[in-house]
Amino acid sequence: MDTNAAPSAAHAAMQTKSIGPRDSRTFADRCRMVRRTTEQLCEPLAVDDYMLQSMPDASPIKWHLAHTTWFFETFVLSRYLRGYRPFHPQFGFLFNSYYEAVGPRWPRAERGLLSRPSVAEVYRYRAYVDDHFARVLSGLPAEIANLPAELAEQAATISLGINHEQQHQELMITDLKHGWSMNPLHPVYRDAISDAGDPPPLNWVEFDEGLRSVGACGQGFAFDNEAPRHRVFVNRFAIASRLVTVADYLEFMDDGGYHRADLWLSDGWAARCAGDWTTPLYWRQEEGAWSVVSMAGVQPLNPAEPLCHVSYYEADAFARWAGARLPTEAEWETASAGIPIAGHFLEAGRFHPAAAVAEDDRGPLNQLYGEVWQWTASPYISYPGYRPPIGALGEYNGKFMSNQMVLRGASCVTPRSHARRTYRNFFPPGARWQFSGLRLARDCE
Amino acid sequence: MDTNAAPSAAHAAMQTKSIGPRDSRTFADRCRMVRRTTEQLCEPLAVDDYMLQSMPDASPIKWHLAHTTWFFETFVLSRYLRGYRPFHPQFGFLFNSYYEAVGPRWPRAERGLLSRPSVAEVYRYRAYVDDHFARVLSGLPAEIANLPAELAEQAATISLGINHEQQHQELMITDLKHGWSMNPLHPVYRDAISDAGDPPPLNWVEFDEGLRSVGACGQGFAFDNEAPRHRVFVNRFAIASRLVTVADYLEFMDDGGYHRADLWLSDGWAARCAGDWTTPLYWRQEEGAWSVVSMAGVQPLNPAEPLCHVSYYEADAFARWAGARLPTEAEWETASAGIPIAGHFLEAGRFHPAAAVAEDDRGPLNQLYGEVWQWTASPYISYPGYRPPIGALGEYNGKFMSNQMVLRGASCVTPRSHARRTYRNFFPPGARWQFSGLRLARDCE
Amino acid sequence: MDTNAAPSAAHAAMQTKSIGPRDSRTFADRCRMVRRTTEQLCEPLAVDDYMLQSMPDASPIKWHLAHTTWFFETFVLSRYLRGYRPFHPQFGFLFNSYYEAVGPRWPRAERGLLSRPSVAEVYRYRAYVDDHFARVLSGLPAEIANLPAELAEQAATISLGINHEQQHQELMITDLKHGWSMNPLHPVYRDAISDAGDPPPLNWVEFDEGLRSVGACGQGFAFDNEAPRHRVFVNRFAIASRLVTVADYLEFMDDGGYHRADLWLSDGWAARCAGDWTTPLYWRQEEGAWSVVSMAGVQPLNPAEPLCHVSYYEADAFARWAGARLPTEAEWETASAGIPIAGHFLEAGRFHPAAAVAEDDRGPLNQLYGEVWQWTASPYISYPGYRPPIGALGEYNGKFMSNQMVLRGASCVTPRSHARRTYRNFFPPGARWQFSGLRLARDCE
Amino acid sequence: MDTNAAPSAAHAAMQTKSIGPRDSRTFADRCRMVRRTTEQLCEPLAVDDYMLQSMPDASPIKWHLAHTTWFFETFVLSRYLRGYRPFHPQFGFLFNSYYEAVGPRWPRAERGLLSRPSVAEVYRYRAYVDDHFARVLSGLPAEIANLPAELAEQAATISLGINHEQQHQELMITDLKHGWSMNPLHPVYRDAISDAGDPPPLNWVEFDEGLRSVGACGQGFAFDNEAPRHRVFVNRFAIASRLVTVADYLEFMDDGGYHRADLWLSDGWAARCAGDWTTPLYWRQEEGAWSVVSMAGVQPLNPAEPLCHVSYYEADAFARWAGARLPTEAEWETASAGIPIAGHFLEAGRFHPAAAVAEDDRGPLNQLYGEVWQWTASPYISYPGYRPPIGALGEYNGKFMSNQMVLRGASCVTPRSHARRTYRNFFPPGARWQFSGLRLARDCE
């Protein structure tokens, strides 16, 4: 019986480099690669898995496949490919996510009810759109710097679509993981991984007070919410050299962390009580031994690995318990200046954060990217002078600027070329199904 | 593009006769035929359709396939086949419906979250159980009348399993119809049907008062809730010669039926308001023309066809508006005495109630079976002296005896051999997704 | 501090006889007495208590006072007193309970939000209506038998209003008890009562099978739902000589009654789980000792007293555990033939069921009336040939005929003159805040 | 009939000056005055009004009266008055609001269910506590500056209690207004007010970019969340000279403001749809004329008065429509430097924001205080270096630092002495029942 049959080594195919600014491939090649990666991510799945929607926040794989395609159809092909005929008259209704300007749409919580179009038809949809997309791409040069205005707009929209699809690659894994985590048969996506060794010690790295410049400077792709670059006065602070580990968090738990209201924000305590949280998401305990749901099924919990799948509320409570706090966005961006982007990303095929080992301890700050997103103390609001784009694409980021917190870095399911120092990820403070952990900071007197 | 591609003529294969007492085939053959019919019903489906669960009351096709199989595994193979090893250690947990005595079970509302086991594995489960079931069947004679006690118990349990599976055949269609009805692509299960002609006129057939015997007499299979046969005093009454039609109901609607609280039970009016009911389930109106979701997609509404997909509350309100009432169980059983079981059943492959035509008007009472289940005025409670079976199978019927109403007859998706004069179907008064309609009755002064 | 100050002996004033057919007082006097009793029931209350609404099913005392008054204003004064001017133009909107025909009304669940009109103003409303009501009463003779048609209709409507107000007297106590039961200060309405002695043994009283006549015969006041009198075939049965006691029920609980799903109806088990029921409503256990919320505050639980504040589901589960069942309406009415109406009613001022004592054991059947309402096995549906009255008063009983069960007898908070052998009380099967208990029955072979 | 009887001139008694730093009265006198004001606010009420709780966010008047008293009992008398015996052993449980460290507490949403203690007893509670409080106050000097440490702590805790009670004075009015707004009898608290005249024109006042100091500097009372004073870099900006008026907002509404998703934050649009918002809270339209629920009953809407009872979402959408934005906290504090605290406060007895008139237009910025709280663009988070107090009082402000937005200024129901330039009020972005409006800001290129 093969319910949990480990996949073929399909994901190995992804271990090649993906789209990225420092890439020697053409823009068109990088676009094609991203589209292909999305489909490669599905290779270990049964058709049944494509329709799974375990909560309103998560979407079925089938929907991700179609929605990312709809994005190109709507914002690229319909605008820039003369005579383009949409694949199906109702797919705009079914696969629009939240663009009010584009029209009504299928309710988010009911995406799992769409048994049709079938998976097979969604793949035909992708092929149809990719076929037409190739024609648009063929009209662009190998590199997209310094294009004339008309082509620059096309290239920018395509870049947005590609980055959008990369975001959905990450969501496909997080949503699938959530759906499978509820299945008592423990489906398996890839083989188990054994990490060994102890994490390096936690050091505090200090930074002086001063006026800092924060945000994207306009070189290379960035989302609108990363701009404009602006000045922030930052007090003297210290930040931890590495991520908080499972071992660190077990101390908090052993000290009653989930049972001491004084450590929690009021909303956090309410969430903890309503959800009956007593561990991070996906942890289990049997006969004293901790295990965790991973993409390799239920596996023993490794104390050395970065803490993952905690909400902002848990991150905040842990930091308070530790006599520290979360860093602000500005502090994180200050501290990460000049540090290269390295770590385990989607292409590593792990789909699980890696424990830091001594030899990773190469600089003053480690694990800034890859592994887990890091909750910050900063609510997700606009930067001073922020202006969203005109039209439907203006709904991309700005309209979510309330009741969410910023996460920085990148995770083990973020495509490598998608990680950036100025990247602002954001989720509601109670969200736990993303690969989210934390790094500590503290004031310096 | 073939989203709505009409199925092959797969369902035609079912048009052969199914299991039934008047059948010349052996008991074992009849059992195999029922098991096979379940799978034949799935032939027009995409794999995607098997996981669809559109509301807690409905179950995914995959779950129906597995649950009916679990029933045989648990109540037949584990008891009567020495050395039987269950197919999978957790399927008992996943596919138990409500038998508390058998242990805990997967929550009903979350059946749609089981992307695993895959459809392919569920079919392997069925094959495995059928294979072992064949061995049990081979130990039984061709006919199951007058068996020794030990074999009689086996045969009775198997008969229950077969009747149970037939119930689920009906539910598979009703649940799939509900799920597809929400899909804007309007999936299609079979070709459209054209009925023509006007229904025969409604006549009132009178019956004298008297002491009547009601319930199953012990000949042939019957569920426990149909026994014991007992006496009921029935006043003089009249019952309608045919079902209420769509045309009849449109008059009620035109007369403000959905907007006059005085016609409704209090709970019914609350349900009507909460659900914003202004038509039966599945009706639509565009530019003045009525259409209806059917297994052939959205089709024009035929005024001559029996009213279908109404709740008890709507049936009751219609009857009050018509100056009549619903018949009681005892009246329905009194009136149906001596009338043969005829009509359009599952095997007809229509999956839609047929309009009565003049030549159907052959007896004093028509359309007693097939087409639509008929709501009665009788709450579903036990007959005097009722005793449920000992053990887990005692949970089959008795424990649902509150807050439900009895329906009599059978529908266009009931297997022919499953229909019986004493059959007591039951659903909550607000349920509309079954093929449920009504026949009028009235007092005689 | 006098939070729980015991009331003055105010309720003693009620210990006089109330309205009733066998009363020597005039009809008008009996009407006035009922109106006065309603206000006397409020004497132990603080103004604060009048606005308490602890759940949607319960209403504030203030609302009861006004609603019963609105009934007379709407159905008596506005119809029969020429030139009557309603007290306030919006009281019809505020104090209509559920009469759709009379117009829109204030939402039931929000009755507790009406801080205005103040209690003082509601009493002025009552005085105003009573003043005008006196004029109507003065036009009626001392007795209301054999009146001319015009006056007969008036007298019938007034009788309905008086019986309606008596129903609300019972509800005032049950609703207040529910509201106070949630208050940790344990408010007290009257002094504690000490009952002593053991209940008489339970005997089974048998009745032969036969055709029985059931329902009101038209002599004296009866609600529409008690008619028409009709024939029912009743099998041979036995019924218990007394009510189930607390001691009986403790055996059920000790035997795991609240933890054995096999004893419960499916809906009952769901209610038990959803409400986390492990005792009847209002029971508490501290250091092994049972106590119960009563109108005298929290008091020790007396094992000899009748079981009270159980739902139909608990009554049904207990009966199944006891190897018995609940009686049907027809059985209860058969068994109670010829037995006088006796027991502890509202006028006794106990507001708590009394333990039967040996000397109460005077007939074959005891405790038929007073103490606690007795759940029957009969769903609340219409009697054959039932016709509700024309107009708004037709909404009195008939429209509630779904999803409720009939209770027979009367309780310790039912006015004495309101109890009748044919009386059909009804509540949803999960309701527990009424004074509801049970009497066992069983089949006789 | 006097349902809506206008109150005596009771509130006139409040028009004297209240507690405040520039006050010539002693500290003890100022404390007594605040306690007395709380009770004076209740003079127009019926006993019935004290128990009204119209939503979980609002509390009954009775609860406010007791909770503010419990605060002194718990944090002052029990700590600083030797031998103090609490008034009632359960009042700590009933009247603790949210201090987890002090123990369990009565559920917030059920405060309206406490018919006991009665209003009379709550007033006895207040008198008992005030009596003991007087003894503590008598141990303090006339002024509380430069006290020895031991007394300084006492004085600081008392000051916190007094400021806490002032906060509840504001909430008493907002909660009562909400409860009464649902009552179709339109209760009246005070006589109607007529304002006349047009508001002054809106001017934009510009401020240069620069490093600004924000927060309380330690002189006079301030809440913990106003500290520490810290530096913020503020870009060049402009801020409006006056509040947004009803007339301004009607233009937004006329331009489809409530029907254009592009103007709204995503969460705001969801709140608007869920609540079916098409106007600010309390607005009504009949035959084209706008009216508004006020403490003087339903009154015509004055276009000149400040917009009030809007959520952050509406304020944000209006600002976007106007081509502007909300100011940040730092901008508001920058702009208000040096401007005296003036406007209509609680003591004015209006309980309704006043329309600005030409002669009010005395400085570059008007209406900074009084009238309505002003939503800012700043999420409510801690200032850099913030440390909450140790112990239960540490739960005062810090634990609410998520999912709320800061409001600045003060409203027409804020006590005059409670208003401060550095004051940080905060509410969830969807809250509308506070006296909340807005002032526009914009970037300067």
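Going by the order they are written in, the chains are A, B, C and D; count residues from 1 in each one.
Just so it is clear, a residue touches a chain if its C-beta (ideal position, glycine included) is under 8 Å from a C-beta of that chain, and two chains touch if they have at least 3 such contacts.
Being a predicted model, the structure only gives us computed values, none of them experimental.
Common partners of subunit A and subunit D, by the touch rule above, are absent.
Farthest chain from subunit A, judged by C-alpha centroids: C. Note: centroid distance subunit B to subunit C, computed from Cα atoms, is 40 Å. For the pair subunit C and subunit D, the distance between C-alpha centroids works out to 47 Å.
As a whole-number value, the distance joining the C-alpha centres of subunit A and subunit C reads 61 Å. Shared interface positions of subunit B, defined as residues touching 2 or more other chains, are absent.
Of all possible chain pairs, those that touch are A-B, A-D, B-C, C-D.
Residue ranges on subunit A touching subunit D, taken from their complex, read 98, 100-101, 211, 230-233, 235, 261-262, 264-269, 312-313, 377-379, 381, 384-385, 394-395, 399-403, 429, 443.
Those residues of subunit D that touch subunit C in the shared complex are 1-4, 46-52, 54, 62, 87-88, 90, 93-94, 106, 110, 112-121, 124, 179-180, 182-185, 187.
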